[in-house]
Amino acid sequence: MSESLNVGMIGYAFMGAAHSHAWRTAPRFFDLPLAPRMTALAGRDPERVAAAATKLGWDSSETDWRRLIERDDVDLIDICVPGNLHAEIAIAALEAGKHVLCEKPLANSVEEAEQMTAAAEAAKAKGVYAMCGFSYRRTPALSLAKQLVESGALGPIRHVRAQYLQDWLTDENAPLTWRLDKSLSGSGSLGDIGAHIIDAAQWVAGSSITGVSAIMETFVKERPVGGDFVGLGGVGGSDGPKGPVTVDDAALFTARFDDGAVGVFEATRFALGRKNAMRLEINGAKASLAFDFEDMNSLWFYDSADGPNSGFRKIQATEPEHPYTGNWWPVGHGLGYEHAFTHQVVDLVGAIANGEQPTPSFADALRVQRVLAAVEASAGDESRWTTV
Amino acid sequence: MSESLNVGMIGYAFMGAAHSHAWRTAPRFFDLPLAPRMTALAGRDPERVAAAATKLGWDSSETDWRRLIERDDVDLIDICVPGNLHAEIAIAALEAGKHVLCEKPLANSVEEAEQMTAAAEAAKAKGVYAMCGFSYRRTPALSLAKQLVESGALGPIRHVRAQYLQDWLTDENAPLTWRLDKSLSGSGSLGDIGAHIIDAAQWVAGSSITGVSAIMETFVKERPVGGDFVGLGGVGGSDGPKGPVTVDDAALFTARFDDGAVGVFEATRFALGRKNAMRLEINGAKASLAFDFEDMNSLWFYDSADGPNSGFRKIQATEPEHPYTGNWWPVGHGLGYEHAFTHQVVDLVGAIANGEQPTPSFADALRVQRVLAAVEASAGDESRWTTV
Amino acid sequence: MSESLNVGMIGYAFMGAAHSHAWRTAPRFFDLPLAPRMTALAGRDPERVAAAATKLGWDSSETDWRRLIERDDVDLIDICVPGNLHAEIAIAALEAGKHVLCEKPLANSVEEAEQMTAAAEAAKAKGVYAMCGFSYRRTPALSLAKQLVESGALGPIRHVRAQYLQDWLTDENAPLTWRLDKSLSGSGSLGDIGAHIIDAAQWVAGSSITGVSAIMETFVKERPVGGDFVGLGGVGGSDGPKGPVTVDDAALFTARFDDGAVGVFEATRFALGRKNAMRLEINGAKASLAFDFEDMNSLWFYDSADGPNSGFRKIQATEPEHPYTGNWWPVGHGLGYEHAFTHQVVDLVGAIANGEQPTPSFADALRVQRVLAAVEASAGDESRWTTV
Amino acid sequence: MSESLNVGMIGYAFMGAAHSHAWRTAPRFFDLPLAPRMTALAGRDPERVAAAATKLGWDSSETDWRRLIERDDVDLIDICVPGNLHAEIAIAALEAGKHVLCEKPLANSVEEAEQMTAAAEAAKAKGVYAMCGFSYRRTPALSLAKQLVESGALGPIRHVRAQYLQDWLTDENAPLTWRLDKSLSGSGSLGDIGAHIIDAAQWVAGSSITGVSAIMETFVKERPVGGDFVGLGGVGGSDGPKGPVTVDDAALFTARFDDGAVGVFEATRFALGRKNAMRLEINGAKASLAFDFEDMNSLWFYDSADGPNSGFRKIQATEPEHPYTGNWWPVGHGLGYEHAFTHQVVDLVGAIANGEQPTPSFADALRVQRVLAAVEASAGDESRWTTV
């Protein structure tokens, strides 16, 4: 029987549900070197957090995250709350000797992210690890993309083309949720979904963004307050009071990478008809690849070595040889959104057991944060080229 | 707190893993009127079944399915073993007053399926229910297809076009597993995957197949024995002893439905490059729809009412309004293969709690079995038209 | 300056326009060994045929096809009239020493097709050639498919899957045109579009259909008469008199090939939403290919030699190395429907200049005709297996 | 019989072949109010231009474009030569009272374009018209896109997403052709293909770009000289002498439109695997549309009015009701690249006959030129925001 890894999680909304599923499911499909135990869930409202704990499978609940960190029977803190709380919680947890899994974006500012990274470095020296939850890295098709680039299959990279297109704010009466409040979320489409494609692009391409030129836009300046939150979009109304949207609806930027590639990035929640089009295309001198989360089990791969009969191959990334998929179903039996969270748990637990740094580290996430900051700076300065 | 529903499952291979995940997961995302408890898992080998029980989350294990049925703390028997055992187990369980969930195809012969249906009818009179596991019905996009047909959107149906294309037997050295042994599996591609498209076609179209004309083919007559089973395909070898393949590699048939529609069906494991292409297209006089499991979160819908600007719409069947999906993730965050099993549990538990017949009933599955038999009869009689 | 090849064409509807374009265009993009001259166009109505000749680019017109054949300044007769006239015209032309290009299907019966083939054989001995217009063979992507099969890339073929899906008869008030009158057209969807996929399947696969089992259906038994003909569908009306539809609306059949492959074929004009889905998929033991005319510039090719990263490649069949395309535009600048007719002219003129038999010969077309007859026979005899 | 419109064309490479085809073909499929006559072709080499005239269907040839303009029997000058010659020829022709069709981009500088526009305005006052050859406007699917936006179907536009991706320069040994010489072509990917998406975006969206922020890149600085030109790419060699590439390989920019929309544009010849991916997506508040030239007969249209069952519709833009397509083939029988040129001739001839300004006018093309200049200026000034 493996030793257990006792987990305490903070927050139980969308991300909390996804993380809970991952903790429950990982040991059922993968052989883990440590047995995760879902020890405690923390939230502010005692009744709601207790109900959530029962529903999601946690053994107990806490109403103060500080108390969770103090518990001796908790080894790892899983942070699923808005970005404004990340730094305080993560640093406290690391200082208390708890491993940390923190949702992305790492923080609401570069400064916070730097402090978190420093705390993570200090903790690492004591065998305590921190990881940031850029879960899309663990989507099998994107992991396969990373492997192909690493293998040298693409040759020198010329172009990176990344989009994260959603449409849930197109309706002008969609309500003002925390995601539209800069003090809580840090930014809008940029940090929420732009961060994902920045991380994915740098990780898959194996290079770093060195500078950006950006524009940002808020199409709808005011939205109804007080609507119940349902899914991402919530339910608002056109007649009630409105409050200001303080974040961006869309962020667009061009970029250069340290290997000479150029890139285009676009994050928006106003691309009507695109529901979760997290897309990445990379063109190399020898081969290209393309991914779209709306068809998440496929990776498109073009290999010029195929000669005149080259063409983008639709690889179903569900073969036993592909990352993670051998532990699930036969080929062609697709996985879903939440599987990436399960794989995140698998890799995190494996790294902790092996005494290795899980990835993305806080330092990796800080690199994303610096790009986010450069985008905001450029957008605020006539799109001037801004180095990262 | 809801009353519990104590489940005993038999078999723990591919289907056992999928069903276990469903029992574990359903109460985490859906509000169930009864709380499923994973009471016991049955298998022949004591060590392997005990290990599987631990891995998959069952409280205990049994080495004789009869013993499982005898247990007072078991309310429902979930049958995940090859088809040759379905009839005996299901009938015994129903007679013992246990609800039954039985994998498809219902049986290896119409005779067995009739006996099972009779047992289910008798049990139903006592408030005990039986359901057959045609899980694809609970894939949201296919459920949405069913809703669209039921709403009258398609008008009179002209064509049904169904394919289930896999390729895992293309390699002549793929090993001789139980799925290729008629005494265990009943048939090959016909019962394994053909059954799924027959059920899906009749269910979505809302009509019944009245006759068929068929051909069946076994391309590779002998295969290596003794290979370890891995995934669906297993690992064989070209040098060892070989044994006869006693089932069909492919089954193709034309069909007529009781509403005047005509159909074409094809099931094969030799469609190289098609991994799990479970496809259904229905053309009505007013609208059409098309589905392919390789892109399982989409339903294509063509509505002639859109006029000259009609075109097949790629509906992402992940909206809150769509079947099942509101309980999962935001729109565009796709589900995977196993979610259909979770939905199957949700609907089964709901039906039992409400004292309603869950669907597909054994009688529904018997209708599929009769089509399978007609296909085999026609293929054995010069493709002559054979009524169902 | 090349010698000229003087062409006389009969008929100037849909096919006449396509053929005229081909005769006009072929010498502009290809170097032809003979210079086609558009000498005369024949039709029944003097005014309409004269106007058509001017519009389509013919030097003169005739009102009797017999007169066209008698003209010394005509070397080749291009037959673009309904099938009931093919045999008489083609045989007369061949006997008069004129080369013949005859639209498909070759004839309205096997008997006629045999007579035509005999006339073609006799003419060939005198250096006079006959060709049947299965134009889809000259769509570059399908020609590339043929090359791939011939190269051995696919290995032994297991499955042929062919569909020709249109929807222009879905409307019950579409008018009764000549295509729905068996005495003129010979059959409905079977001969009109089914013939295309039968020819394409046998040609690309490089094998012959040996037997079939079929069903045919006429969904709408009566249609309005007297509507003006517009496009394929015409304009009818719901209130006027109606006449009987004497041909099939849909033809579906299974087939076996002489190399052991099995096939499924479906031709219909009731597949709502499918406009011109002429599709062919072939699964071999080593590779597969798939084509859909609705995306006519692409060929999908799956090569198992690509290993775990295999996937259907979308080859844009517009490379200089691909059949015909080097004479047109740069890669990715797609061709259209009519280009196949231009390529047909190129190959026909080349064969005549070289004293070689152009393909498909009448004998090739007779093989298709025999399949059509077998399909009708099987459909009329309880779908019984019918050898070709 | 219609009056004739006598055409003289200059240049006979790729564009010359496309324009010749259009002049030959337009009157065969469309009823034109003036009958185009292909009077003369001009080029520098007497033998080659004479041979080209014969091949392409021109009645005579000239070796000096000035002589062509002087001819009384020429009514319209069609300019198919590199951009450095556009201004001089077009202005001379207009001043001589000849209508002008000029290939895009209009000129190699804003200054030239302004002079040309002034000349066009002056000529227009005398009933002489000038048009710029942004042919993609006449691709039926893009024309349909324009109609949909004009109808108000999209509502306020939020996003424009335009790409023109090719890959024919990925090979470092592709030769140094005139397209890579700034003195002849003006710019690289920016003017050649970027101009197309700028024009298409502004035209379809019905709004103007007000400012841009850009980066441009030349990945391969030197290329082999003296290679034979084949297709777009030519045939070079790795051993011979090399010369400098003086244009951009890729141009990327963000943009704002005068209606509040934001845009992303990318033009490159290094997107390996993308052959002619001229793409445009527009997201409105009510509907969205998307186009990709690699599937040129389709327009994707998302209408939020379709409710929860909304999805991008794949409209086959080949219906009789769609722009231009009723004059060609039945629905689903796709058109090719060159058809847009034929449609351009149809519209140009119609406008001249009606005494109306054909579009795009030189003034429209000047608007594109100003955007090109702003992109270059921004790219040369740290990507700073540059107003148009």
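Odds and ends about this structure:
Read from first to last, the chains carry the letters A, B, C and D; within each, the first residue is number 1.
We adopt the following convention: a residue touches a chain if its C-beta (ideal position, glycine included) is under 8 Å from a C-beta of that chain, and two chains touch if they have at least 3 such contacts.
Going by UniProt, the chains are A, B, C, D = Gfo/Idh/MocA family oxidoreductase.
Just so it is clear, the structure is predicted and the values come from calculations on it, not from any experiment.
In summary, the pair subunit B and subunit D forms a contact in which both copies contribute largely the same residue numbers, shared numbers making up over half of all those used. With respect to subunit C, maximal separation of chain centres occurs for A (centres as means of Cα atoms). A separation of 35 Å divides the Cα centre of subunit C from that of subunit D.
The geometric centre of subunit B is 54 Å away from that of subunit D, both derived from CA atoms.
Subunit B and subunit C have Cα centroids separated by 41 Å. Among all residues of subunit C, those that touch two or more other chains are 274, 310-312, 316, 320. The touching residues of subunit C, when paired with subunit D in their complex, are 14, 17-18, 20-21, 24-25, 27-29, 55-57, 166, 168, 230-233, 274-277, 293-297, 316, 318, 320, 326, 328-339.
Every residue of subunit A that touches subunit D in the complex is listed here, in rising order: 158-159, 161, 163, 167, 170, 172, 213-215, 217, 219, 250, 252-254, 256, 260, 262, 264, 266, 268, 270-274, 281, 283-288, 302, 304, 310-312, 378, 382-385. Subunit D makes touch with subunit B in their complex at residues 144, 148, 298-301, 306-316, 319-322.
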